[in-house]
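Chain lettering (A, B, C and D) follows the sequence in which the chains are written, and residue indices restart at 1 in each chain.
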Amino acid sequence: MEEKELDIERLWRGWLRSPFHSFLHMDLEAFDREAGTATFNIPFKEAYARTAGEEGIHGGVLASIIDIAADFALAVAMNRMGFPTIDLRIDYLRMASNGDMTAKARTIKKGRTIGVAEVEVYDAKGRLCAVGRGAYATAAG
Amino acid sequence: MEEKELDIERLWRGWLRSPFHSFLHMDLEAFDREAGTATFNIPFKEAYARTAGEEGIHGGVLASIIDIAADFALAVAMNRMGFPTIDLRIDYLRMASNGDMTAKARTIKKGRTIGVAEVEVYDAKGRLCAVGRGAYATAAG
Amino acid sequence: MEEKELDIERLWRGWLRSPFHSFLHMDLEAFDREAGTATFNIPFKEAYARTAGEEGIHGGVLASIIDIAADFALAVAMNRMGFPTIDLRIDYLRMASNGDMTAKARTIKKGRTIGVAEVEVYDAKGRLCAVGRGAYATAAG
Amino acid sequence: MEEKELDIERLWRGWLRSPFHSFLHMDLEAFDREAGTATFNIPFKEAYARTAGEEGIHGGVLASIIDIAADFALAVAMNRMGFPTIDLRIDYLRMASNGDMTAKARTIKKGRTIGVAEVEVYDAKGRLCAVGRGAYATAAG
């Protein structure tokens, strides 16, 4: 039986109905089913700042972006609705300055029970600020 | 020269002025300077939910709580204002049901350049839902 | 159908036939099926040292001990033969001095597809030198 | 004052005198100071196997390779002797079959106090089997 291809843009619009996304809005810019990749633009909000009146986006915002982007890249790669996160690891490489961010997610394993994806987050100046990897329970999706 | 003890509750009130905390509010419930621990209550908000109309707090919210609680436990342990996160790792053990959460953070290393702390997050039913560890740059704080 | 209890000490003797264990020998000291714990003694060998003629056990040895001990704690908890590692994370807290080590492993999740365990490694002076967590594919064991 | 360039091949020969390297021998195949990269060949030994008489290299061996390769890539990038590992994270993507392995390490941050590098490990069939990242204390090297 051939599996029907999900409409990825529609799938993302469904994800955007998540209450948490009403806070952390991400625009899907591009995706590739074969490569298992997805790219997002994340418009800046004052609420993402670590400290009032200073440059620097909070690490929790970066971690959240990485979790969401990794999960969605796997959904794209595996033609599925999304998966529970098993674990998540983030390296903070430099302060992300205030402004729109870009997240580039890439599938590195798409197994029957485990999927793994990695994400790079760039700030408005185009600097790589954080990288992360997540493992996802693909049997449960 | 003896270092003056920071007023920890006042320090936390300063952290609460972070714009990100206007979204993710955490109440400091207890702390212990000797043990390097801090406990928080996190009142539930609809915006934390993963999916509209369903149980389940978003993994990004749990990751953020862990980052903040770990960092603050180190600040308590080291009598300092807080530290940049080097990296963060979270294990998601089970879905956190909608409701107030508790985070218990504990310092496990307080070095001159590197600090490490770990956090347990419990949901409103008292179930351990996520655990995490973070490394922090204590030379930079 | 009731599942038969594995003979845990015999199971460990089987693990010791692993070629890698001919290098990295660990003695099972204690275990608890209910708690999902296992404790090991690791007799010192010169080959574990990081630098010839100096104190300090190599981080790769500590990582290996953590992987093995975590996996076995899950096997004890779940009455199974052992599981493939999904991912492993280690925090190095201080140099482990040359001498016998102790590893204490504890199950923190025993799910149908995913298990998680954590390990503390103490050096011969009784100091906590490394902690780690691993996720394991329990569906595959 | 200009810093003198280390002789990288000589530096690696020094690392090979580590007792742990008498067990886990790695040949430095290539390096690039500008890019902060290093590539290694790891000749197979029976002692690396997970299970006697079966395919599959032990996860502890892969973790050790990743720690060593990441540390050395940072040494190359920063023209230094090597650094203590702060923490290490490994994703196991598939079983590494018995045979020579290749490790490709790449610096992703070279800060004054913290360095981060990542490593890919390929088995003899050229398949990506494990990826990992480590944080290193560059102030201490």
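Keep in mind that, in the parts below, a residue touches a chain if its C-beta (ideal position, glycine included) is under 8 Å from a C-beta of that chain, and two chains touch if they have at least 3 such contacts.
Model, not experiment: these values are computed from the prediction.
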| item | value |
| --- | --- |
| Centroid-based (C-alpha) most distant chain relative to chain C | A |
| Higher-contact pair (C-beta pairs counted), A-D versus A-B | A-B |
| Euclidean distance of C-alpha centroids - chain A vs chain C, Å | 33 |
| Whole-Å separation of chain centres (CA-atom averages), chain A against chain B | 22 |
| Chain A-chain D separation of Cα centroids, rounded to whole Å | 28 |
| Sequence positions of chain A contacting 2 or more other chains | 86-87, 89, 91, 116, 135 |
| Chain-level touch network, classified as line, ring, star, complete or other | complete |
| Chain B-touching residues of chain A, taken from the complex the two chains share | 17-20, 22-24, 46-52, 58-61, 63-65, 67-68, 84-92, 95 |
| Partner chain B, residues of chain D touching it in the complex | 86-87, 89, 113-114, 116, 135, 137, 139-140 |
| Partner chain A, residues of chain D touching it in the complex | 89, 91, 93-94, 108-109, 116, 128, 131, 133, 135 |
